[in-house]
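Labels run A, B, C, D and E following the written order; every chain starts at residue 1.
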Amino acid sequence: MTATAARPRSFDLARAADYAAPGALVVVWVAFFIATPHFLTLSNIGDLLVASSILAVLALGQQFAVVVAGIDLSVGANLPWAAALLGATATAGVPLGLAILIAIAGSVVVGLVNGFLVGYLKMTDFIVTLGSLSVVSGITLLLTEGNTVAVSSSFLQAIALDGIGPVRWFWLIALAAAVLVWFTLFRTRAGTHLLAVGGGSDAALGSGIPVRRVRLAAYAASGLLCGVAGVMLVARNGGADPSLQTNYLLSSIAAVVLGGSSLFGGKASVVGSVTGAVLLTSLVNGFTIIGISQYFQTIAVGAVVLLAALLARFRK
Amino acid sequence: GRGGDDAKQASGPKIAIVTRNFTNPYWAALRDGALAEGKQRGVEVNVQAGTSETDADGENAKISTLAGQGYDCFGVVPVNASNVITPLVPVARAKKTILNLDSQIDPAASSAAGVSYASFIGSDNVAAGTLAGQKMLTALGGTGKVVILQGIAGEQNGINREKGFTEATGGKLDIVQRAPADYEQDKALQVTEAILKAHPDITGIFAANDTMGLGAVQAIKNAGLAGKIKVISVDGIKDALASVKSGDLYGTITQYPYAEGQLAVQACIAAHSGKPIPQRVVAPIAFIDNAVVDQQLASFPKPFAPFDNPLAALVAG
Amino acid sequence: MTETKYLIEARDLVKSFDAVRALDGLTAGFAEGEVTAIVGDNGAGKSTLVRCLTGVHPPTEGQLLFRGEPIRLASPQAARDLGIETVYQDLGLIDDLAVWQNLFLNRELLRPIPLLGVLDRPRMIRESRDILGGLDVNVPSVRTTVRRMSGGQRQSIAIARAVTWGKSMVIMDEPTAALGVRETAAVEKLILSLRDRGVTVLIISHDLEQVMRVADTVVVLRRGRAVARRPVADVTGDQLVGLITGTLSEAA
Amino acid sequence: MTATAARPRSFDLARAADYAAPGALVVVWVAFFIATPHFLTLSNIGDLLVASSILAVLALGQQFAVVVAGIDLSVGANLPWAAALLGATATAGVPLGLAILIAIAGSVVVGLVNGFLVGYLKMTDFIVTLGSLSVVSGITLLLTEGNTVAVSSSFLQAIALDGIGPVRWFWLIALAAAVLVWFTLFRTRAGTHLLAVGGGSDAALGSGIPVRRVRLAAYAASGLLCGVAGVMLVARNGGADPSLQTNYLLSSIAAVVLGGSSLFGGKASVVGSVTGAVLLTSLVNGFTIIGISQYFQTIAVGAVVLLAALLARFRK
Amino acid sequence: MTETKYLIEARDLVKSFDAVRALDGLTAGFAEGEVTAIVGDNGAGKSTLVRCLTGVHPPTEGQLLFRGEPIRLASPQAARDLGIETVYQDLGLIDDLAVWQNLFLNRELLRPIPLLGVLDRPRMIRESRDILGGLDVNVPSVRTTVRRMSGGQRQSIAIARAVTWGKSMVIMDEPTAALGVRETAAVEKLILSLRDRGVTVLIISHDLEQVMRVADTVVVLRRGRAVARRPVADVTGDQLVGLITGTLSEAA
């Protein structure tokens, strides 16, 4: 008997996870829509998506670490590091384009170091990236002496505010990142190897995949996207804040996990991660518009995260 | 003196100062003031900190560690009203001088634990909030809708500033929303954006610190409402002054942490030489708007206007 | 021994894991173009030998020769580069990848776009169906992940992969242990056709009748040493049992 | 052939991990000893161990979550929650002993909820505990209205400062917790089941172990120890600060991982986790005494964490 | 069929996984005190049937009877409570636990201290050595974790566990697949001695000669259905192959 060819594609369970986060997002949006007329307006959703873009790009980076069964805690420091590099170089008179490249390169270096320690020295991902979180944060503070650095560039400001017609640049950056990551993971050989290393590193090694190099690449990719997010952060805030971004760190992992990826590796969902990022950002946005108080907002955000996870759990 | 011998007096006190963190420019300025003053007066000053605004126990560990290291005088900025009391007990038992810096430590709990402070040197955060409220009233012509951006939930200085602002504007300004932004620029930006959707008609924002003020200003610019909404925040960090100068931030209440740091060192030296120091030294606060920002920038991080320093005479020479 | 031409040869191989000496000075050769079976008790060191031959474990001591030349296999990729493919006892499949992805793992077919390494998915899926069809393997769909496949289905996929890519040698660690009657027959047919194609085959099996059916030569391992090497034609099943358990003894 | 009976015990690889963190600790202590005479004094080591105790107890709790291949992020809020409960009840005139019990019970409830969601509803641990981190933090803030609650109890203060002769109460509490956790994990049936569930939940289920209940118990135990740590925190801080303790959250996980436990579950090292906690605390203490600047301190702490992990990696 | 007394019986059992119907209306009984073998192609549904019989999977449709009474097995513990022990195809060992811990998993011997559940480690270690010794199993030490054990060693441990605890029934899913000649013989002896003790045995095997050697009755599965049930005495190996592959057909 030969392999039965024609099974409906929908059987592919791994893909179902892609639709849990979007489902939760729809529920949340509808709830906010019912609660306030100010939520589902073109302008608010536009801004909301812009606000989500940074977290989305960060989550896409985190996705690389997670897919090889790792975790990248260093984003909490790598993000302000890229921002500070951009701030410091731009302030020192380096042409903006070059400054942006330096910032991104700086983040890639952090990713490479993480990847080297995890991949080649086989150190535990959690500790490696926690250690580099601390080291990089210290270096950033040294660089800036703890001060925020203002970067007034009309180019960066335009990126944060403008777009092509109604389509904002930030959306396009996040979209481009998502498409690229999706393509890399699911349509290239490198992606297959990332999934294989995360799914079973012994088996991957046995098939000749250079497991160490693949791990290195995963963390480097996380660093790269973190650098891009850092530049976006500067564009949006008009400057660089050197302090640790624990929020972004936890949220980036949360977005990936809400999106349906397993922290045990081997599975990835690009749509999921991006939607996870939009979902988390929507909560802050929606609850702020509704105007619920500080303490209740904290409770509500947590409760919705739990509900979304529950929804994801009971997906088909 | 407290049994201090003359030789020790000549060499000056060893001073330990512990604050919340150095990632907030505010505390970095306090450190710089203390270190500069120590250098100038030729005394050893060690400034340490926890890792965040709310790292109560991290700060405690620093105090405990330094307590065993032979310092003569401790200046402590608490994370909250009570966290430093227990670790200070051994310090008090060793009869070292303790100064309470910046934020008030619970007096009742302190005396119950047998800890007393030679002096409180700090600014009054309720007063800062009140001043901000008054300036906001003036800026808005006495009426209008405003929003308050809150700091990290549970952080006491922010709570006090909010209180002062609310009292000063009560019955006059309509506070349409109090929104948390965790002392973060990016979060303040995001939150302000959302608020502008629900309340496009607000004319003022009070941010509990400058970092959030900068985020709010950015959101207002992004929304094309520059000039229509006045933002006042607290701290007087350099970036905020620059923003005031460029006309983005309406004003900042500067609290001179740098001066606080200097005062702390002066108080230690005075106490060490056996001079009585005042129970309460209120560090100056000032409202910096476009009118005085140049002066302030010129004298940064010191106050641009002289203030009444009761310690100056004690350490003169 | 006559002067057999060995494709791969192990000399005085030792492999220790902490206190355990899994291989204890093993010397054995595997003749080019032949089917050699390795038999031995559980824990005799068969799988460890395989992992040394395929670059998974660096041997603690001893030497490997490939076509008479000393080699060091730094990684499984090094063995693959020599045209050696392996079906490990634990199969080496990635549970969350689809059947076709497992079949083409690290052998992906790419579209003719330089540098990017873009997968030619339709072609791999198509060829996967052909490969499995040719081997008489019954899986629900090549697009399914292998996670929930039955033990036999998984083994068939692992075998299909090795057979497809093995150019000079295919090593199979208990390949038919989980297979049904029909599937086992198919694999045995396959082994013989590999030999006909000139591929050297190394098979580990506890099924002595199977060994008699498919192998040319049988090597007996006992406690980490090769204790006998015999042409299958010259040995009976009972003799083999004796060699394995040690009641019958002979120098290799 | 029968099972060969007499193998040296040292072969038991799992135990080797126990000695990596102590090894790193010795190295760090020796380094500080060389750097400054003020480090290795009786009084400083005494204080250092007291300062480590809270983190150690917290890490022991985290150990339970980690051993079942989970993670408990909620400690960041559960810790202040216990503290706030103690503060609120003590202030309201509840006798101290009862107040302490209420505080610990409150934390156990959080653990039970986490455990229910993870064990029975099979939701992802990371998201569940991240959600409850937020929810519990909000509830704590509501309870205290954001204010710090001073608890001036000479009993609690004595616990933080005094002891039996030179032996401080805090050490004894941490030691008792460690012995209990060690005993539970390695000498009771419950412990075997925890290790089994973490090592392979399918196999555990197949052998009839009530996997869901075991997971529930793991998180409840984490909550319990978190409650104890919360009480210690109040004793040390003279009151309850309702704000989130992200530091403790990350450090408790770091201590467990530095101690040699795998985040993939099934392995535990009590000695390791406690030493991990002492190690992390020693770094801050030592660098403070040496008096290196804060930014360099941040860098140094990260670097030493990386080195310790490297050491653990190259253990026998 | 004659009126056999079934220990456990499946009626019209259906088990679907998404689009796959692994069991498709299966009806079969397993006679008390007998050894019943289940045979069938890879993917025929044998392991799925086992998992339904032992409470791992709830059946999608159909019914189970135990000693003639309808039962619902809510969990593997429920099956264990009925005295049913199982060697799953994936063995169900915990890699990071020691051999003795795996043997006594969820059957821990406790010290006579009430409530605390304190392990009696020395006794379990001692008894583990006896159990494995009695079964002729060769493992380095019962204190070693099972992670790096050879395939056969692992299987032996899993079998030893089931045999030790199975009071009314022992189910073995391909128990000798990874075993050597000697170990296989030991397991077969064991199966017969279980029967002599009155324990009902259910064994899945692809080795038809083994089936002929140890089983009283053989049940043939094809595509999720039981297509034949025959006393082993009445059937030849060739007939079995025909029933498995479907060239020979018969109502169950």
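As a working rule, a residue touches a chain if its C-beta (ideal position, glycine included) is under 8 Å from a C-beta of that chain, and two chains touch if they have at least 3 such contacts.
Just so we're on the same page, UniProt names per chain: A, D = Monosaccharide ABC transporter membrane protein, CUT2 family; C, E = D-xylose transport system ATP-binding protein.
Keep in mind it's a predicted model, so treat the numbers as computed, not measured.
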item	value
Required steps from subunit B to subunit E (each step between touching chains, minimum)	2
Relative to subunit E, chain with the most remote C-alpha centre	B
Taking each chain's C-alpha mean as its centre, the one farthest from subunit D	C
Where subunit D and subunit E are represented by their mean Cα positions, the distance between them in whole Å	42
Geometric centre distance via CA averages, subunit E-subunit A, whole Å	47
Intercentroid distance (Cα basis), subunit C paired with subunit B, Å	72
Mean-CA-position distance for subunit D and subunit A (Å)	29
Multi-partner residues of subunit D (at least 2 other chains)	7, 11, 13, 137, 141, 146, 246, 294-295, 298
Overlap residues in subunit E, where contacts from two or more other chains coincide	19, 90, 138-140
Multi-partner residues of subunit B (each touching 2 or more other chains)	22, 52, 153
Residues on subunit E engaged by subunit D in the complex (per definition of touch)	54, 56, 75-77, 79-80, 86, 88, 90-99, 101, 105-106, 108, 110, 116-119, 121, 128-129, 132-133, 136-145
Contact footprint of subunit E on subunit C as seen in their complex	17, 19-20, 40-44, 46-47, 89-90, 138-140, 148-153, 155-156, 174, 177-184, 206-208, 241, 244-245
Residue ranges of subunit D in contact with subunit A within the complex	73, 117, 121-124, 126-128, 130-139, 141-142, 146, 246, 250, 253-254, 257-258, 262-264, 294-303, 305-306, 308-310, 312-313
Residue ranges of subunit B in contact with subunit A within the complex	22-25, 28, 52, 150, 153, 176-180, 182, 184-187, 189-191, 193-195, 197-198, 211, 214-215, 218, 221-222, 237-239, 242-243
Residues of subunit D touching subunit E in the complex	1-7, 9, 11-14, 187-190, 192-193, 195-196, 199-200, 202-210, 266-267
